[in-house]
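Following this message is one structure expressed as structure tokens.
Labels for the chains are A, B, C and D, by order of writing; each one numbers its residues from 1.
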């Protein structure tokens, strides 16, 4: 009998930038996210478990879906383009 | 208009984009690479951006500025890559009939850009260390 | 630095005068000849100045700005003579470590210049009339 | 017996600008000013009596001694460089 959807992890591709990219050594990672529904908040938790180098940044990491900022409540399905990065410092 | 570039920012071109006989005021803001930050000496900065989102966010800021003030033209450009001391990392040019709107909108655009646009800078300190800046 | 000129204002030169690795922010303000004022159409402006006092007053305003804000460089130039639509009549360029001072000082200098510096403009209206402007 | 100083007019050279110059047709005028002491205020009164074209501007005319603004209380002796002009409109 297959596991119910709620506990089957969803693979989410995440683009990383700046210090997040430097700490992992990767510009694109895949994170297995568990949650019903799967949200940016559950991605944030799974991300730091699977990439502990990012744990010091955990609470400050920002996320975008497509080209828009997302919040921890934003629901994702693993098909969107997701980005993760530290607070911005341009200008 | 919003733009990213890896080349030096051409301030004259930017001014030409916003100058018009419909405007009585033009404000240009340049952010430039400063040598000293809280006593620490920089020799260069490296800027990285999430380009499609950075452009989208710059365009949203432009739309917000145009909704708040009656502007004639607005142009914002951010440079990416390696910048030496004194070079411009960002430029905002805005024109309006009267000067208050140009000053206020120019300041709004750079203030918002600095907190929202996904671009990051890495300091190249004089002692050889490099350090990502994350406010 | 304060200057009067009968030639077109060279904005690139002005920016070079204030850009420095000591500054992180540069603000340039240009006042340009606007075509319409309260529905009336201008074709050109003529500016006359009481030159020695205009320069002295511009220098006093510069000194006041430098006393109020920590500025790196400040340059202000006013054009005299005949100006066509879109040309710059006045330019203020200021640099500072952080942007707030550059914006505030730039606005202060142009605000003070407009109320204190002995320069007058004559409108050349599209219908052929000329008219000295005295607010 | 000569008239006392207080009623002997002092000749004051005045540079004019913009509309003041246009209304009089002259860039430099000489005004005979009466007063004890002679002030910018007494110059203002004598000026519009001797150059009635300037009367509509009287209250709004600005004065400078050298390269500094002067007020109606400023005392002059006829030897300084005095300028008179309408409200400024540069910028």
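To be clear about the criterion, a residue touches a chain if its C-beta (ideal position, glycine included) is under 8 Å from a C-beta of that chain, and two chains touch if they have at least 3 such contacts.
For clarity, every value in this text was computed on a predicted model and none was experimentally measured.
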Report summary line: In whole angstrom, the CA-centroid distance of chain A from chain C equals 51
Query raised in the report: Rounded to the nearest whole Å, what is the centre-to-centre distance of chain A and chain B, using the mean of the C-alpha atoms as each centre?
Result: 29
Query raised in the report: Distance from the CA centroid of chain A to that of chain D, rounded to the nearest Å?
Result: 77
Report summary line: For the pair chain B and chain C, the C-alpha centroid-to-centroid distance in angstrom is 23
Report summary line: Multi-chain touching residues of chain B, meaning two or more other chains, are 31, 110
Query raised in the report: Taking chains as nodes and touches as edges, what kind of graph is this: line, ring, star, complete or other?
Result: line
**Report entry** Pairs of chains satisfying the touch condition
**Finding:** A-B, B-C, C-D
Query - In the complex, chain B residues that touch chain C - result: 11-12, 15, 19-36, 85-86, 88, 95, 97, 99, 102-103, 106-107, 110
Requested in this report: Flag every residue of chain C that touches chain D in the complex, lowest number first.
Outcome: 31, 47-50, 52-57, 78, 89-90, 110, 113-122, 132-135
Query raised in the report: For chain D, which residues count as touching chain C in their complex?
Result: 15, 17-19, 22, 60, 62, 64, 66-69, 83, 85-91
